[in-house]
Every structure is written in C-alpha cells, then in structure tokens.
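Some structures are shown below for you to check.
Both complexes shown next keep chain A, but they swap its partner, so chain B is in the first and chain C is in the second.
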Partner chain A sequence: MTKITYIAAVGGQSTVEARDGDSVMSTAIAHDIDGITGECGGSMMCATCHCYVDEAWMEAVGPRQDGEEDMLESATCEVKTNSRLSCQIKVTAALDGLIVHLPESQT
Partner chain B sequence: MRGIVIIGAGQGGFQVAASLRASGFDAPIVLISEEPGLPYQRPPLSKTYMKDGDADRLLLRPASFFERNHIEIVHDRVTRIDRAAQLVTGASGQTHAYDRLILAMGAHNAIPPIKGAGDAEVLSLRTLQDAAVLRSRLADTRHAVVVGGGFIGLEFAAMARAAGCAVTVVEATPRVMARAVSAPVSHAFEARHRAQGIVLHVDCPAAKIAGDHVILADGRKIVGDLVLLAAGVRPNVALAQAAGLDVDNGIRVDAHLRTSDARIFALGDCASFPDPVSGRHIRLESVQAATDHAHTIAANCVGTPKAYDAVPWFWSDQGDDKLQIAGLALEGDTAELIRTESEKFLVFRFRNGFFCSLESINNPSAHISARQLLKLFPHIAYEKIRAHDFNLKQVLAAEKAMAT
Partner chain C sequence: MNLIEGHIAIEPPQGATIWDVDPYDADILRAPEDYYTALREKGPFVFIPRYAILAVGRYEETRQVFSDHENFVSSRGVGLNDFKHEKPWRAPSIILEKDPPEHTRARKAMARALSPKAISVLKDDFRASAERMVDALIAKGTFEAVTELAEAFPTDVFPRALGMTENDPRRLVDYGAMVFNTLGPDNELRRNMLAKAPDIVPWITAACAREKLTSDGLGSIVYAAADAGEITQDEAGMLVRSFLSAGVDTTVTGIGNALWCFARNPDQFDALRADPKMARLAFDEVLRYTSPVHTFLRTAGSDTELAGVKIAEGTKVACALGAANLDPEKWEDPERFRIDRRPIGHLAFGAGIHGCVGQNLARAELEALLGVLAEKVARIELVGEPVWRPNNAIHALDRMPMRFVKA
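Let's turn to the complex of A and B:
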C-alpha cells in the first residue's frame, strides 16, 4: 500500500493508504477528504481536483499530461509550477509517502 | 423543521445536497434514492466499470461524507407530491415534509416502438444493476449486437470490441450520434469504429428485437449472444405531471431553475431549462448540466439568487478516442470542419455567423480554449476565428488583450 498525505489550505492533514492504479483524486474521494471535488470523475473535463505537489515530490510525480495544462487554466485558485490535476496522477509504489497540498477552493 | 427534500440521488441530486452544505445550509436535507446503495457516477458504467467491475470506484462519496454532512439518504420510490401540504409520499408509506423540493429524477431508457424492444431478455444500460448484468453476460459473449448508435451504444460497442468480442451496431438514422454532433464527427467515429472491426449498419432500422437476435427492416437477421438496446432516454416527468407542474419535454423551469411552483426546482436530465445563449428551452443529458444546475439551485436556496449561465461541455470516450464538445449547437447551426497541422480534427459550429460550439476529437487544448472563449466572449464572429486560422487559443489571447 502506498501512503499519500493531503494537506489542507487551512492547515490539518490526512494520511491515507492508496490503492496502486487509483488516482490521487479518486483516493481523496474514497477517503472523504475535503478539498478535492473531482466533478467530472477523472476525465480531465474540469479542474476541480487541483492540487499542489509538494516540491520534494515533483520529480517522482513527473510532468503534466497532454491537455492538463490547458484544463488547469480554469482552476479557481492560483496555478503554480507545482499545480496538477490530481486525477492525472496515478498512484504507484514509487509515490509512497507523496505529499500534496490542497487549494483553498475548487469551485 | 422542514428542510430540503431531493428526489433522485444521481449526479445532480447528490451535487445539490453537497453544494447546499458547502454553502452553509444547515436545515435538514433528505436525499431520496430509488436505487440501493450510495450515489454513484453513471458515466463509467459503459467504460471503466465494464473492464474492472469495481462498483466501489463509482461512488460519488463514501458513507462518511453523508454522515458528517447530515445528508439523510432514504431508499424509497416517491409516488406522490402534495404541493399544497408540501409533502412527498413514498411507496413505503413514509412521508417527507419540505420547505423546498428538488426534482432530480433523471431519465429512463427509451423503448422504441419495435417488436420485442421491451422484453426482459433484451439488455439495457442505465443503472449499476444493468451494468452488472451486462458485464457478467459479456464474459461469455462472442458476438454482441447493439441497437442504437448513440453515445452509450458506441461506448459499449468500443469497449466490447476491445475486450475481443465481435460487435455489430445497428442505427436507424443515417448517421451515428446524429442528435448531438455534426455530420463530420459522426462520420469520423463511424470510420474509427469500423477500422477497429465493428460492423456498423446505419440507416438501418430494426423491425424486431430479441435476447439473441435482431431482425432488420430489410429482413436481414443478426444473431448474437447478447443484444443491448441503447435508443436514448426519456425524462422522468410522471410525478411532476401528476402534481400539476408544467411539463414540456422535461419539467419546465425558468432561468433560476424554478418550476411553475416557486418552492420546487428541477435539474439535470429531467429539466427543460432556458438555454442562456439562445433562450430556447432545452434539455441536456450530461454530468455538466446536472452539476452546474445543482450549484445554481443551491445558491438560489441559500438566498444568493443566481440564473443558470454555464457553458455546456460534454465528453464521450469511445475506444482510444475522446470526443469533446464545448458549448451547444442547435438544429440548423452550421458546421465547418478544420484539420489542424497535427491532423487533429475540429468542427466549429456557428449560429448566425457567431461561434457557438466546438466538437473535437483528442484535442483537449482546443476544447478548453473553446470553453473559455464561450464563457468570456460569447459573441465571436466567424471572420475573427478565421482571421486567427481557427486557432482558438490565439483568438482568446487577442480578445483578452483587447479587453484590457
């Protein structure tokens, strides 16, 4: 099992066990984590699963997917270099310990 | 204390409950579901669920979400709305008093007037239960026959083909997805499905349907191990009609999504609402409409009046191809097919010379630009888009520069 930590914009964090193959978005939904909405269910049709990948994890997570950059433009909160759509980050053993920071709002 | 009662726990019903709580609404919320279990996503039923069969992945939220947000889920089938008493009654006999009522009843699969179409052996796909049956049958299917070349029929066909089945699709009209997309997009998908080995008959109505074969109007018989009927949906309006609400191709609502009774709202597949662009009453069967309607209704319920003004978007994953639609084209809007340098496929739709919708295949960047453009600058003339060589990102940048 791969552990992922979600840190809320207002402080407070949750560490959960993720299933490999799930996305960082669907893992958050399954564990009832506030701050990730995932309105389109992971089809990269909305930007309501915006997250900031912790700087230490940027390399392991890898680059944005094709089209993700464009979709991120409709995110509600500021888009930074470490912004990702969490539905496009697939959980693998290599991401054990991953930390993502959540924006203040998704809508 | 009377609170809000929501009939229907699909995407829209769930979302209105969630949005109400997110907006600080603190009176009781009752979410009435005809289906067992927790609210789930339907779009994956014809796609990923067919592959992995994992129902847990479909849940919109886990049980804890509904508990901590005090959203009471009631499993019942509502049989009556008493508007005078502001009360809904379920088949169980249980009643729920409301201050506001949200109709999120969705749609049901259409049964076309074809012999055998309503038989139990003919499979359909709407609910998780339908999908579970279809999935178990697919395991020992060599040949699947799909009646109806719409989104659901084609998504299922592509998935079954990828799983190794022989697949035949029969469509009554001259082209697939004819109700929703322009002819170039229909033809592109017809070619792609045929290239994958799907046998596709268009302009080919069925005369008789059974659990193991379809007889076409021209007399040909197609035999299969399963027959899926995917002939579109009809809005669930019977309850609203019986309650005396205005109904016309869906439950008729105003720009604030109120029905003819100010205490009752309707959303999603079952609602006929004024298109903010054309002003015409329309009905949309999409995740986008259900969720954006829900946000609008939640705002109206907590005292921040809001008219519905979202730009529609839609997607359909068929095999390896992703169709995306931004905005909304209506009958009579023109279509111009453009192939970009990278051989990517775009169809621009125009109404009276103004850009109203983009249909694209495997081109998320153009799709997003179209959505942003339609939202920020809804009156872009054909000539302007042509002047930028149909590059919407450039049009958007130019318009933004002019606006500042």
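Let's turn to the complex of A and C:
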C-alpha cells in the first residue's frame, strides 16, 4: 500500500493508504478528505482537485499532463509551479510517502 | 467475417452469462430500471445473442471499461457499428469517436472553450433567461414541461453562448436525438431519425461555419485554436458540430429529468428551496438517478480480460451507465433521490479522457435554472402522467404536463 499525506491550508493533515492505479484525487474522495472536491470525477474538466505537490516530491510526481495547464487556469486559488490537478497524478509504489498541500478553496 | 449490426459477431465468451434480451426494445428504453437490475444481477458481463455484444451494468466494471481507453477504444464508434468494418453514417466525430493522440489535440481545444473560466462569463445570461421563462410559466398555469421549458431554455441560451447567428430550436434538438439514436441497432428509432438527416444535417453543417459565428462566443475559442495551429480550420468546424450534437439534446434531457425528479420528490424540492446553493450538487443527483445518456459502447481494441472474462478483439461492450449509477454495491439506497448525496464518481458524464467535455456548460445551465426555481416556485406539480420517449442512447421525457405553484 502507498501512503499519501494531505495537508490542509488551515493546518491539520491526514495520511491515508491509497490503491495503486487510483488517482490522488479519487483517493482523497474515498477517504473523505476535506479540501478536494473533484466535481468532474477525474476527466480534467473542473479544476476542483487542485493541489500543491510538496517540493520534495516534485520530481517523483513528474510533469503536468497535456491540457492540464489550461484547466489549472480555472482554479480558484493561486496557481504555483508545484500546482497540479490531483486527478492527473496516478498512485504508484514510487509515490509511497507523497505529501500534497491543499489550497484554501476549490470553488 | 460474420457481422451483426456492423460489428464482429463474437462467440459468447467464457465467464459471461448469456441473456436473450433486447436492450433496445422500446418498452425497456421507456422504463429501463428492471433491465438495469437484471443486468447487474446476472454478472459482470452479459452476452446478448441477438446483437452478439457484451453488456456491463455493475458500477465497478462499467467504470473500468469506460476509464480504460487503451483496451476499450472509441475510434471504432460508441454505438453498435464498428467503424473498422462498416462505414459510419456521418464523418466520425474527431473527439467522441477518436483515440489518443488525435483525440488529445481536439480535446484540448474543446476543453479550453468549455473550461469553468470560459463558462463563468455566461452565468448572468443563463440566470436572466431562466427568470424570464419561469416567471412566464408561473403566470401561464399548466404547461408542457418538455417543450416549454426543457427544450426552450437550452435552445435559448446555448446558441447565444456558442455565438450562433442563426437559431432553429427544432433542428438543434432533433440533431442530438438523431446522433444518439444512430448509436443503436438498425431499428425503427434509428431509421426514422436517419430519414430526417437530409433536412437537418445540411443546416447543422452550415451553422458551424466560421462566418456564421460571432467573434465572442465559445465557438470562436475553438476557431482560435485553429488560428494558433493546434487544429485545422476543418477540425474546428467539426468540433463546433460536436457542440451541437452533444450539447443540446443532452441538456434538454437533463432539465426534463430534473423537473421529473423534483415533481415526484417534493421533500427534496423543499430541501433545495431551503438552500438554493445546493442546485449544483442536486443536478449531480439528478444525473445519477436518471442517467440522461443510458448507454454508450466501447470496442475491445485487442484481446483483453476483465473480471475473469476473456474479451476478444472487436467485441462491442455496451456500458449501461444508468445501471451503474443505480448499483447498490456502490450507492446506499440507490433508488432514493437525495440532493445531499454528493454522488462524486457517478458515470452520467462518463469517466476518464472521454468524460463529458461540456459538463461545465450543462452544470451552469442547470444551476441557473434550478436556482431560479428554488427562489420563485413553492411546488412543482405534475398535472398528468409523464411519458418517456424511447431513444437508443438517451433516457428522456417526451411529454410532462406540469404546473409551478408560485412561492
């Protein structure tokens, strides 16, 4: 099992076990993590699963997907260099221990 | 090679239950719930002899087929015809009926034109239109909800949003119904709609031309992608055509189904009235509960295996999205319409790379309309039995006499 830690903008964090092959977004939904909405269900159409990848994990997570940049423009909170749509980050064993920071708001 | 309905007539695969049913029977299309239940109960994959296809209706497997665009391709058509073996009735859509990498290019241009940011500027117009229509219908008393609201609202706001300079509500609605009916077998529904093609298709094609669009609508964003060299001018026209085929009849259906849900569940309409901000979430529950697109197909691009069933290359897999959205394994009390459910992951908009690209537009239309209803209407009442209209891919109402009681 791969562990992922979600850190809320207001502080507080949850570490959950993720199934490989799921996305960082769907893992958050399955564990009722506040701060990820995921309105479109993972089709990269809504920008409500915005997260900031912890700097230490940027390389392991890899670059944004084709089209992700465009959709991030619709995100409510500030887009930074480590901004990602969490539906586009697929969980693999290599991401065991991944830390993502959540924005203040998704809508 | 033996073909049925334009695709390879596969043998029943081991592990699949054989069920002699016609999912395109008009009675099932009108009231699919029993078919959905039986489909789920018979197993993960059911072989349907008369069409030599597999059908899937359990949530987990339906989601998997729909999310796995590598093994279950769209480029061979999302209906019964396999484009590899039979020529499609129209030039295939360059977004719905394509796989990566071609799909990715078109999708990117389309997603930009339909992003939350692009749609947010339309909200005021949607709301003003909804207010006008709801006020008029309250004053009128009894009205026909399908034509006077479900069709009237999208055919008012959508052409303006797209930037169309000519509007023909009837042809817009019928074009969508036609495209969706052609996804089924060579039955009466498909034949009747195709008979209308000579009247509808030339009008639609002409309406997609750049010179027929304003320079500030969503259509112009698609043409801008062509100017930037991301897609060709012809492809831009094809994508505007996709707006018209996928963006009108589906929303018409969503509105009709939403009114049907709230008329039959007054306590849920009261809950919406108490908190109109729930409108957006309530629409997701409408979608889960009624699945406007009831079935889309995929084609196995190569031999594969899922849930212990070996699926041969060329197999058509009918994904009953409506059945998956009512699967008790996934949803608690699936038969209950509950606006506070928050049904993230429902499959009414599909899933994965082909997930509905127009969903923000649909959500904005419904959010405006349901929001206005919640403020202005105390009760939504049926004044006659609603009648469903069979369609090979869409679960929509045909007639629904209705009354709005003023708040």
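The definition used in the following text is that the second predicted complex is superposed on the first by the 107 of 107 C-alpha atoms of A that agree within 3 Å, B and C clash if a C-alpha of one lies under 4 Å from a C-alpha of the other, contacts with A are read in each partner's own complex, and residues count from 1 in each chain.
As a convention for this text, a contact is a pair of C-beta atoms (placed from the backbone, for glycine too) under 8 Å apart; a residue touches a chain by one contact, two chains touch by 3 or more.
Worth saying up front: this structure is predicted, and the values here are computed from it rather than measured.
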Just to be sure I read the superposition right, which of the two partners does A:Asp32 touch: chain B = first, chain C = second, or both, or neither? first
Contacts for A:Glu59 in the overlay, against chain B (first) and chain C (second): which applies, first, second, both or neither? neither
Check chain A for residues that touch chain B in one structure and chain C in the other, and list them. 26, 29, 39-41, 43-45, 66-67, 70-71, 73-74
The chain B residues in contact with chain A across the complex are 15, 41, 43-44, 56-57, 59-62, 64-65, 68, 287-288, 291, 295, 313, 315, 317, 324, 364-365, 367-369, 371-372
State the interface residues of chain A toward chain B in the complex, per the touch definition above. 22, 26, 29-32, 39-41, 43-45, 66-71, 73-74, 107
Residue numbers on chain C that touch chain A, as the complex places them: 104, 107-108, 111-112, 114-117, 284, 344-346, 349-357, 359-360, 363
Sites on chain A touched by chain C in the complex: 26, 29, 38-47, 66-67, 70-71, 73-74
